[in-house]
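In the two complexes that follow, chain A is the common piece, with chain B as its partner first and chain C second.
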Partner chain A sequence: MRYEAPEKLSEQRRNGDEPRVGVFVCHCGGNISDIVDVEKVVEQIRKRSGVACVTTHQFCCSDPGQAVIEQSIRERRLNRIVVAACSPSLHELTFRRAVARGGLNPYLFEHANIREHVSWVVDDRKEATAKAGRLIRAAVARAARLAPLEKRRIPIHPSVLVIGGGVAGLTAARDLANRGIRVRLIESTPFLGGRLAQLYKIYPTGQRARDVIGGLIREVSSNPLITVYTNAELVEARGFIGDFHTTIRLVPRGATERCTDAQAAINACPEETVDQFNLGLARRKAIYLPYKGCYPSIPAIDWRNCTRCGACLEAGGVGSIDLDEKPREIVIRSGAIVIAVGLNTYPPRYGEYGFGQFAEVITLAQMNRLLDPTGPTQGELVVNGRRIRRVGFMHCVGSLQHEGVHKPMRDGRINQYCSRVCCTTTMHTAVELKTRWPGVQVYDFHEDIRTYGRRHEGYYDKVCRQGVVFLRFDPLRPPRVGVDPKGEWPLVLRTVDRLTFGEELEVPLDLLVLATGLVARDMSKLVDLYRCSVGADRFLMEVHPKLRPVEMATFGLFLAGSVQGPMDIGESTAAAAAAASKAAALLKAGQIELDPFVAEVDTSKCSGCRICLQACPFAATDRDEAARTAKINQALCTGCGTCVASCPCNAIQQRGFRDDQVEAELLALLEAEEPVGV
Partner chain B sequence: MNANGKLRMGVYWASSCGGCDISLLEIGDKILDLAQIADILFWPCVADFKYADVAGYLDGYLDLCFFNGGIRNSEQEQVVRLLRNKSRTLIAYGTCAADGGIPALANLYSSEEIFEASYHENPSIDNEAGVEPQPEVETAIGTLEIPRFYPAVLKLRDVVEVDYVIPGCPPQADDVWETIAALASGAVPVHAGDARIGCNNRSVCDECKREKREVKIKELHRHHEFRPEPGWCLLEQGLLCMGSATRGGCGALCPKVGMRCEGCYGPPPGATDQGASIMGALGALLDAGTEARAQEMVAEIADPTGTFYRFSLASSRLRVSSDRGGRR
Partner chain C sequence: MTKIKPFYDGLVLGGGIAGMQAALDLAGQGFEVLLVEKEPTIGGVMVGLNKVFPTLDCSSCICTPRMAEVAHHDRISVLCYTDLVRARRRNAGFEVILRKKPRYVVEEDCIGCSLCELACPYFAPHEFDQGLGARAAIYIPHGNAIPQVPVLDPDYCMLDGNCARACPKNCIDFAQQAEELSVGVGSIIVATGLRLTPMGAKKQYGGDRHANVMNPLAMERVQSSNGPYGHILRPSDGKIPRSVAYVQCAGSRDQSIGVPYCSRVCCMYALKQAIMIRHQRHDTQVTIYHMDIRAFGKGYEQFYRRAQSEGVRVVKAKVARITEVENGDLSLRVELIDEGGRVADIRHDLVVLSQGTIPGWRPEGALPLEVDDDGFFAIPDIAARPANSTAEGIFVAGVATGPKDIPDSIVEAGAAAMEAAMYLDRVRESAGEMA
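== the complex of A and B ==
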């Protein structure tokens, strides 16, 4: 079998680049040498071709240890360095720097891990010595073929695009602008505020949600560094860290800034439709403002329900409404992107705890609208024309689902996770109920209660004192909702209570509130445009949940808030603030340095089959139409190697991980115990 | 070269189907031109030549030798070594000589398994006595020998040095004639260290006119159950077309008429293992979504070795393990 590896090496030799590998074996103060027979390893390695010298040191990473490396490079004309020591995650950078100080390109260095991979895990001295020898000769074989590499330096466009105008997006935009950074915020609906604007009061402060979001919106809208685009849809995304080009389509609002008498225009509209802002509990006109004090304060036309009759135009006055404006597309350039598109509440299926069958079964979000004095009932506790006296709360609707018990969602998956905010929201809502209407009887049906957050447990204590009745059901035998046979109450809930050791109970109610969980939005367009990684729970994935919690695998993309999973408002804003500071740190550097290990196309071998274009998870592969070959964007490439493996013509190679380098390493690793030369 | 200024040419077949010999005739009326520029000194398929004739030539006497087929037994090895000595330019002609070809698929089985199938199991076998060929048999007239059967099919360059390789099952007539003409005129060197000739330096995709829509494969299909949409890449439609992992030169003959490329020109330049090449590509192309679906899709591939390594098993990294390897 012909391997390319020896050819490359002979080519290298012809170019006068005869490898002179210097090997430095570290004792690590006994950490390695107590188990590995370092002297024996040295003897073995010394015999291998290409090795110019083998040196040992008590601590290679120490200043004297590094000095030995630097000095040897100069004195023995070494041109490749191998250090056999601890894990590269600990000291690879240390030794690369030492190699650079010695006058070599820092990428002419190879690290062999003989501590974590050998002395700390192998007990037998003979085995450990053999394994260390194997790893070092593999490193030598690879090192002999290394080529000098340069880091990539990419300039950063000094602005950020924030996608999403809810609490997380607004927070990120404000924080970035407060650092003097230009921000463009896009929101898909006509109004800012997101889900927070629909809430009544928020825990744990008890503030009115609208005051909180209103303050934040004022900060954002009054900051000259922030431009807000509402009714903005994502169309296309190009570019990479430092220079993203995002195309958005701006759907006309209908009403213009000259619309001074919005209410007259709204009143004149003959078309009525379901009021989404009030979650179907009220109706609104086709031209509307969702709530008093919303931003922008100019009404918007809901084009799906507008008949373009022109009634609003007459009532609103000259120039107030433009029914003929066409959507336009603009391109937003930015150095980084913050994704803050939020989430959805779980939509209960028809018949799930009577939802849809009975008007008296509503969601917790709808309950929030009912409690709001500016809401559809002006804050009166009236449902279906009936004043409410007995309320039940049902926990975990759409969360903590069980295989075989719950029907899967459309993608075939059930929601096994805890939605985290519903328990405290339920307790908080029960407190509000009992405080405003002490005579209302409240029942709480749960499988489990998790009021885990700081200052959240207080709500639980409080409802206990306020006389809320808790009933615990078996998740495998959830409560059933039916009609009252006596006709006295609209609903009867039948359940087996585990707190009273299996007592079967019938609880008559005139309102059942489903504490619906939180689910990811349909983000397929976003995921497709930015090649986001998506978790099994359908939320977007960060690089590392603990160490890099707001960064995405694609450089320059940051996650803010509940696009990442169920979060309460405090957690969302904390995540948004983190995303903002990460993005700001990136921008302030002006440029970034990236590892040089990118893939590159040998256009003489590329047949233009476009397979790599589909392989790349980061959209870094592109096509050179003129040459009919592939090309790779150096800034977008993360060096994952997927395209390298996918290329059927081997036309793509990854710098630092060329086939000949990896093959030489593997062959040396697998060769028989008696070494036969590199 | 002969005194009449003509090339001295030889043709031989080893472990192959015979199609390569016929493909030489496919050059059509150029056969008359061939007669103008070359004298055939050895071609057992078309005329009566003896090995002894060849053995009597001086070394390097033949200018040009087209050798088709891989090496399956000791006779074939003996002849190829002889022809190597007697030929100035030895050409591994056709895919069997180049990469083992279809006969090399037998490398998945031991000699015992092959004999079991060939002499006992196959339904058309009538062998009541259970006889198997023996390399040596004692008879009244002495010891009779037949060639020894090797445990694996070897490609030509596993046995001898080869000057050129013309891939294809069979090679395309136009390319064959061009190659002969180029060698006759001295346009190319007589030795080229097994360089491929009569083909392209890119994959079949490069010459295939079908449109790539950059969509992933939702479902795999086979020809008998699926009519592909004209003009659209067959692989993207779910047919396991080998074009992307196959050296071009045929003009994308099969994809042109709606058939998947079977990979007869072997791996493209730069790639060493055709099956690994296409499998790497499929990893990027299959739209499986879940692990279970991925396993399901892979399980749908009927005869993966025969699909991915149909023509190139002998040049792949799938080596015959050492207990079976090499020549006996």
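== the complex of A and C ==
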């Protein structure tokens, strides 16, 4: 935000120091005035000392409403402003700007909340009117004692840290670097690409997922402004907007850039383990490359399964493998951070729709690996040695859960939310299936089909035409999976179909695909380090879903992609670009302006007792050893007031919340009510 | 009024929430932006909404500050009541011809005092209130409009001069002409939003014949505290409705009217309006007849369950036809899936048709852009570059690329601004290399 230059604040000088408070009471289009008798409040406030004028408006926040404030400052020579309206979290900034445009210091403004604190919570008109009156006169009393303040200006370190090397993180990194901004991207696994690399084709374009992610990785890896760190773990984070210091631990990769014959090294490895990239459908060596064309193209050692036998060393050639390299820690400085750590698919519990019990029950993500010609079955539809002829898709596994029907997750909560992408992914997969193997029978078990996005409905329409049979179940009575009593098919699904008005059906299948939902990753370290807000759905929470959908409550942290909630690829890339846009705006400005409400020390009163040093939760207080008094780092101070309260000498005051200001406010609030209705 | 410069880095077409956000995000990165809106005020569809799902925030509380921010931004110029005539590629950017429509009011002199409006004796259906209220022939679009300058509607004006006599600044100009402007721009962001399918699109619903079959935007106005009635009434006789029906997919997922796609927001706004009705009138029954409830977004399913717990009835049934019966009541013929497929005629006082979302604007040669068969702008790489159109230097955001809710529109606007910023950098770099 920008305020007018100080020389323009002429009204302030002209309007003098003697308080002339202008009060503006908002109707909020009836939100307030339907409950609060605004006229009565106006009458009361008009009589208070120091009040120069009281004005009402339908919407003070609107352009004409703000214009009234600006005009009144000039015409009525006001030097303190009170607006009684909604919550300051919504419009304090709006009104401060209006006050600045009117020619006053923006901090000569006080906001009284008579909507959230009064009209929305008090039903009785008389009580509400009295409470609104009290809050406004307290604001007036405080406003009369306000002093002009100046914003703090903090320089921004000209680089961004992107956490996460999936499609969202890569997109954000590319976009920022394209705007000339230095980017460091950290990825916790040894390879870039995230979940997208594991998909086969993506909707609604039908592109090969690997082409999309491969193109993006090429752009990122060839941009000299981007440094990529793989195998990087978060260790420590300090700092604040403009100057974050993040410590990461780089786990050795094992193989080095001198590894010219990766395949020989891999072949030599005697240790086999489950292939996570193929979601358990195949096995791989302890030294591995997840897929052909991955980035980096240097293999990585999976230390949990490596026995350090040295077989790869000999096969890979001199200097190709280093088994003795130690993890090292580095500190990354950045002005802003983009969080793009993505999400996980819901892990079905043992026995949930037969998962784990029957080899013929797999997840939609595993199905994607089966369809991939470079996947574990070379794209053949063979499961448990059987060529598949009857496939069922089960929607909402791990999503749209109900208390009492579904078992809670580890944190005791069920997943009420919709995972957004599974319906269309299922339709898209079914199209692929019916196109490649028209003879395969496909059944779809759903409670709702949510093909909401652009071209999504087209897939739904297409599979209907391709002869997929849709069965709709009651969410409180989901289908049950069992064995075929005749032994003809590996599985039988029993369900009550709503579309045939409650008919009980038995559907024999030789493959059941669970459209598993999407769940937040375990982000406890990240949440802890950066003090992130987490929603009830365990995803990270934005400041405001509409006003600021890619920003976090901590300044300088931005959200990109599905770390925030389920999203498809296009939605993730859009969110990443939007996050990049916010970060770029911050960095291009070169500095950030912060509110001036910091604590300050009156050194003449300070005894140098160090109590405030222990009290400060942000390490903003320090001691000036020469003067033997406390001092406060203005960039780190968040204005929480803890040091003010802890000081035994009353030597610390907080700007904008000085004792005399707070006292005046409290006294006015506690004043005896003037008799009503006479 | 803003003084229009000869050159801008970005032209944003459309002053709705997506256009405003794109303008703010591009200007926030240091670029000069011109925002052009065809209506007399910015704010788009959103400023007319009552509350927004799933948070039930008051829509104008969120939208009006954005409008003010755009209007006051140092690097954004706003031109309302202006159409794009055409944009032609010139060098790496575009030469844009704009047509500023006559307001018949001298914008620079107007102080927004509304005296002309009060003096005018002629009335017309109020567009902002979806035709439910009335406005004068010269009028400020609504209380939160930006700019606060009236516009004269020549279709209703009788030229009797009342407004001109009332105007203290002498700024009514009956002879004002449309003005053509030529501006150079480096890039274009198209955020031209949406329209709803016509009320008469489904003949069997009689949306254009029955007085008590409403359009959802009209319902937003009816529910708004600053709307035409101040509370919920039905249009035909002012009766407080005891039983309201929502007919879902009344203009979407329907090949017969040429809208085969899902309009993406109707399930949620129907649930939201239903909740608001229940809040205002505890004894009014609300029934939503649907095919699927597509509560797919963040917090949406939880909102759906909240609606049900607050007594909103959600019935899986496709409505076959709506007939007007006595007293202006309506009878809905439905097949009740969960009652053995029983066909029933159910009576309601008021019906809201959840109409489909269609593109707000078609370029028709004004811009070198391709549209898809769904009518929205074609996006060649919708997964990896969701804001890039078929033409270099032109980006698309919001409903212009397909139906979208407010959060998704805002996010996409950010993406479009980022793409435009990168494009401008690239163009400058290559220009620098040539020089």
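Operating definition for what follows: the second predicted complex is superposed on the first by the 466 of 678 C-alpha atoms of A that agree within 3 Å, B and C clash if a C-alpha of one lies under 4 Å from a C-alpha of the other, contacts with A are read in each partner's own complex, and residues count from 1 in each chain.
We take it that a contact is a pair of C-beta atoms (placed from the backbone, for glycine too) under 8 Å apart; a residue touches a chain by one contact, two chains touch by 3 or more.
As the structure is a computational prediction, the values presented were derived from the model and not from experiment.
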Worksheet item: Touch check for A:Pro545: first (chain B), second (chain C), both, or neither?
Response: second
Discussion item. Which partner chains sit in contact with A:Arg420 here, chain B, chain C, both or neither? Use first/second/both/neither.
Written reply: second
Item to complete: Kindly classify A:Cys640 by the partners it touches after superposition: chain B alone (first), chain C alone (second), both, or neither?
Response: neither
Item to complete: Considering only touches as defined above, state whether A:Ala577 meets chain B (first), chain C (second), both or neither.
Response: second
Worksheet entry | Touched partner set for A:Cys649, first chain B, second chain C, both or neither | first
Worksheet item: When the two structures are overlaid on chain A, which partner does A:Val534 contact: first (chain B), second (chain C), both, or neither?
Response: neither
Item to complete: In the overlay, answer first, second, both or neither for which of chain B and chain C A:Leu149 touches.
Response: neither
Worksheet entry | Larger contact residue set on chain A - chain B or chain C | C
Worksheet item: Is A:Ile330 in contact with chain B, with chain C, with both, or with neither (first, second, both, neither)?
Response: neither
Worksheet item: Which parts of chain A are in contact with chain B and also with chain C?
Response: 2
Worksheet item: Tell me, which parts of chain B touch chain A in their complex?
Response: 201-206, 212, 214, 216, 243-245, 248, 268-272, 277-278, 280-281, 283-285, 317, 319
Worksheet item: Hey, which residues of chain A end up touching chain C in the complex?
Response: 2, 28-31, 34, 58-59, 61-64, 66-67, 86, 90-91, 94, 97, 101, 171, 175, 178-180, 202, 204-205, 207, 212, 215-216, 400, 416-418, 420, 448-458, 461, 498-499, 501-502, 537, 539, 545-547, 549-550, 564-565, 568-571, 573-582, 584-585, 588
Discussion item. With touch defined as at the start, can you tell me which chain C residues reach chain A in the complex?
Written reply: 25, 28-30, 52, 54-55, 57-58, 60-62, 64-68, 71-72, 74, 112, 143-144, 146-148, 224-226, 230, 253, 260-262, 264, 292-302, 305, 316, 337-338, 340-341, 374, 376, 381-387, 401-403, 406-408, 410-415, 417-419, 421-422, 425-426
Worksheet item: Taking the complex as given, what residues does chain A use to touch chain B?
Response: 1-4, 602, 604-615, 628, 642-643, 645-651
